[in-house]
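For reference, the structure is listed below as structure tokens.
Chain naming follows the written order as A, B, C and D, and within any one chain the residues start at number 1.
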Amino acid sequence: MARMTFAEAARRALAEEMRRDPLVWALGEDLVQGGIFGQYRGLAQEFGAERIVSTPISESTIMGAGLGAALCGTRPVVEMRIADFTLCAMDELVSQIAKVRYMFGGQGRAALVVRMPQGMWRNSAAQHSQCLEAWLTHIPGLVVAAPGTPADAAGLLKAAIRSDDPVVLLEPKNLWTAEGEVPDDVAPLPFGVARQAAQGDAATIVTWSACVPVVEQGVRESGIACDVFDLRSLWPWDEGAVVASARRTGRLLVVHEAVTVSGFGAEVLARVVEALGPAGLRAAERLGAPRAPVPFSPPLEDAMRISPARVADAVRRVAAR
Amino acid sequence: MARMTFAEAARRALAEEMRRDPLVWALGEDLVQGGIFGQYRGLAQEFGAERIVSTPISESTIMGAGLGAALCGTRPVVEMRIADFTLCAMDELVSQIAKVRYMFGGQGRAALVVRMPQGMWRNSAAQHSQCLEAWLTHIPGLVVAAPGTPADAAGLLKAAIRSDDPVVLLEPKNLWTAEGEVPDDVAPLPFGVARQAAQGDAATIVTWSACVPVVEQGVRESGIACDVFDLRSLWPWDEGAVVASARRTGRLLVVHEAVTVSGFGAEVLARVVEALGPAGLRAAERLGAPRAPVPFSPPLEDAMRISPARVADAVRRVAAR
Amino acid sequence: MAGASNETARRIAMLRDMARIRAFEREAVAAMRAGEAPGVVHPSIGQEGVAVGVCANLRRADRITSTHRGHGHAIAKGADAGAMMLELHGRAGGCCGGKGGSMHIADFTVGMLGANGVVGAGIPIACGAAQAIRLKQEEAIVACFFGDGAVNRGPFLEGMNWAALYRLPVLFVCEDNGFAAFTRNSAVTAGGGPAVRAEACGVPATVVDGEDVLAVDGAAADLVARIRAGGGPQFLHAKCYRWEGHTGTDAAAYRPAEEAAAARDRDCIGRLRAALEAAGVAATEIAAIEADAEAEMASHRAAAMAAAWPDLGAAFSDVQDSGAPAWPA
Amino acid sequence: MAGASNETARRIAMLRDMARIRAFEREAVAAMRAGEAPGVVHPSIGQEGVAVGVCANLRRADRITSTHRGHGHAIAKGADAGAMMLELHGRAGGCCGGKGGSMHIADFTVGMLGANGVVGAGIPIACGAAQAIRLKQEEAIVACFFGDGAVNRGPFLEGMNWAALYRLPVLFVCEDNGFAAFTRNSAVTAGGGPAVRAEACGVPATVVDGEDVLAVDGAAADLVARIRAGGGPQFLHAKCYRWEGHTGTDAAAYRPAEEAAAARDRDCIGRLRAALEAAGVAATEIAAIEADAEAEMASHRAAAMAAAWPDLGAAFSDVQDSGAPAWPA
């Protein structure tokens, strides 16, 4: 165990995978310079410019070349810089990468990772703050992972690289510098297994990504003992654990940074209601962002953010039902 | 009233709007040739090549130019050919068009329409069959309309053109040739007002777009009297009517062609559960596509489609709860 | 005369491939019109010389990426035409298990990495394939086919720059049939055309008469040799004409009938036939090749009509390993 | 000598604008480093000559589109620097109500259609703006600014072709400062560069020393005149250098210090200052202009720090009319 930042944990995990498998390589803008969050620092020196490839500002081709390279047997790590820029490569991700195995009847597979750091990061405004995880869970063919701790950043990145499915890894921009304990020998995490962060009978709280520490703190502040799940991966997601808990507590609260409307919280809520029947629950609610772009000004941005205090309020409300 | 196809109703509505307002114009591939579904037939002859503009295969610029043209006071109708190709223009739609008014503090508005015919159409396979309405409802700034009848195709297109908001119009590819009664003088439809297609106390059935006729028939086949709502617009959507009905019937079924996981059905279900509390309902379910791409082969494609028989089964199941 | 007869044999092989492509597509269009092959078929009839002239210079280990109009590329690269015909009919045994259809025809066993329903989408894929080939130190190149319409899409620019920058082993082949769907491409394209655009991004370009398979073959041989020698990407702009409409149901009313008729007079197959006859190959031998091609494809079509539909489970397989869909209730 | 003095007055105005941009950005970077201006600031210090030389030839009715590095374009087009400084501080009264910040600076009242956080995104927008101008028969043109990094994005190709095809009144201005974020752009760009690419798509191109505002002014005057005369789009490739890092916090360790120092010696402001002094303008007059600019921007910064935050309701306004978000519970 060692204490380190999210970025450092991710950096080490990638380095370890690149040492293990010479077919792993990474491509994206400014990678030789270390990436914009330092998550590639030093890797070009160790692995050379053929495996840590700085690219032009050509998002369609960064993504599409990742696919071509996967079809020819390498394991590319496709760096999108931030999730918003993936919007410049959506055809490549959704109509090509996600579908290639299926539409060619299993002849080829897109064994690659798309890293797309997402979410708010102090005052980046509307075009640099989006959370798009719900979109990706809607797309057949994609695995969607969303670490919320440094250890999981490492474990999920390793799992993503070794997976034969295309895996989208949503790293929370706001947590790159957050610290946590990371095992010396990080094992790849299985997809679809939540981490239970707290236990209690009052309610079942589900969250992921940047909201993980916020929810943990908010639940503590509420003083109410709840089951808290950090999903870690959104597709597949740990429906079994969440439904079992909700059956016991009878109360579900899903918290995420993304816009509430058509966010992944809707899917979690809907599945739990479908699984237990509405009568099996006393409360089922979501806490997310209003359906508005993210504003620049600090107090305005804060008004859109999930805070521990808002989580605590919601926990109290749900627990009281 | 006259009987006509969906495509013809839409064609007439656009022609009427273009006659009414010289600032309305359309751009997209093959428009001078009438568009691929005939929905622009004859318009180039009437309005000339400056207002019915055939463009290169440049989706990013078709979309982005629409925005620039709106910011300078015209009202462009942006034709995407099919929704799947919008994936080539997502940055322009999501990070530019949807956000421009907000991020510039109201200085400019994207008063434009994006037409994106969507969904399955006999054996078009994975890259030409996607339903992406849930994505769009998740994006602040966008209005999302989804007509399911020829009359609504006309009324919603007129409303979209006159709206000062950017409106995405999802025309169901499978219904272009479907016929229906269309008023001689089509009025623009207000957004957020559902059409109630049937009445009954057994359950509340919600649907839209290509599933409208399928659900109407399936409910008839079930022999069970239900409230059936064709939402017509998905953002805003007629939460009031649906919640009021579900309060009475206690049973909700949402049916759509899109993949169930993270589809807009999840949002409808979640809102109804949040509004009534889970205890206010005896059943809440969704019927959509499995999380798989759309296959080519007819029997495989049929296995993914919503059919009247599957709707009837679901209605019986929900009504029995 | 071993050289000459080798050369004649090579030309006869090219004629056979062109005849097979044409016969395949004639059957495919007929099947589509008869309602036997579902969905949409984009025939490349008249353009066979490009696919064949290029692929004659490729090895099995080489890869190709293709377009919505991809039957010819697939057959020229050695794909199994029977499995392709099954695929067009959506039947079990189709090269994509019936899940792809005409627009997603593929045969990875011969390096055919897939047709594509999105214009220009093969360009970035080809670039990445070439990067993988380099990383794995394989001896192979990539040929990337696309239409003239694709030169107006962003990925065209990105891919040209990318391939030139990393000096990738890619042969870009622009099949310029003059049309993008129902629009004459010159009506929506400015500047000096595909070759000029490629060169502006650092990819050397060659223009060739795509209706002359020997010219294509000669140009491709030269370019492929340069690429194999480590010379970086090359661009081949092949001018041709699409005899049929955009799809099997498009009557192509947007262009003069004489124009299409004139293209038929320039037939790539007819020209090679004439050249072979002039070189002393018997007309009967050529006729037999063409008859064989027609018989082969007619039998593939009959076999496809007789074949079983795929198992319904195929609709839910090969999506993904983690989080795969369950067979619905 | 009225002509000469008019010309001198014009040059003095250009000097003033350049000095104001530089002073604005010095304050902005300082405010960012002090933690007073939130988020990220991309300074264009050293590149002022391009914005000013181009905008000196624009009228109020003309439009511009801009980039993430847009302060200079905005000020040169006549935007209110005080409202801009408020915006950078996220305060009420900011030109975007505090909702946009530095990367989304805009002033529609002077035709500044907005900075953009997405590289290259202004290119299609400029094309559409020009189409609207034509449809409305307005007398105006559009100037579209972008960096050298943008020439590797797909929309660059699409937009060049589009503007040339429809002969739109657009002046494309490529501000080539040699870097795309932390990467030297020549290391990721193949071929003959921005001008060659534009010409390949049918847009005539001119290359100019962007560190010489008079050269930029002269070239822009010529190109703008051609555009106003209906000559279709034109491309101006202006070579310059970014004195600061990519953002206010980037130390630019990826380039030699001498290179940046050499660029400072070519200072566009210094060169115009020298030219004016040579033309007989008093050094004191020039010093006063620069001092005024500094005083103006210092006072804007002080005003911004004293200004109120926006009303919280602003977070929920101007999203859309139909389906607008409710103030959260």
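One rule holds in what follows: a contact is a pair of C-beta atoms (placed from the backbone, for glycine too) under 8 Å apart; a residue touches a chain by one contact, two chains touch by 3 or more.
Small disclaimer: the values here were computed from a predicted structure and weren't measured.
The chain with its Cα centre farthest from the Cα centre of subunit B is D.
One finds 46 Å separating the Cα centroids of subunit C and subunit D.
Computed centre separation for the pair subunit B/subunit D is 40 angstrom, with centres defined by C-alpha atoms.
Separating the centre of subunit A from that of subunit D, both taken as means of CA atoms, is a distance of 36 Å. Touching two or more other chains at once are residues 94, 96, 98-100, 104, 116-118, 152-155, 158, 161, 165, 188-189, 314, 319, 323, 325 of subunit C. Residues of subunit B in contact with two or more other chains: 55-56, 58, 60, 84-85, 88, 91, 95, 102-103, 125-127, 140-141, 235, 290-293, 295-296. If each chain is drawn as a node and touching chains are joined, the picture has every node linked to every other.
Residues 63, 65, 94-100, 104, 106-109, 113-114, 116-118, 121, 123-136, 138, 142, 154-155, 158-159, 161-162, 165-166, 314, 317-323, 325 of subunit D are the ones touching subunit B in the complex. Contacts from subunit B toward subunit C in the complex involve residues 29-30, 32-33, 36, 54-60, 84-85, 88, 122-128, 290-293, 295-301, 303-304. Those residues of subunit A that touch subunit C in the complex are listed here as 23, 25, 27, 50-51, 53, 55-56, 58, 60-61, 63-74, 76, 91-92, 95-96, 100-108, 140-143, 163-166, 191-192, 235-236. Within the complex formed with subunit B, the subunit A residues making contact are 84-85, 87-88, 90-91, 94-95, 98-99, 102-103, 125-127, 130, 134-135, 137-141, 235, 258-259, 261-267, 269-270, 273-274, 277-286, 290-293, 295-296, 321. Note for the complex: subunit C touches subunit D at residues 152-158, 160-161, 164-165, 188-192, 196-197, 199-203.
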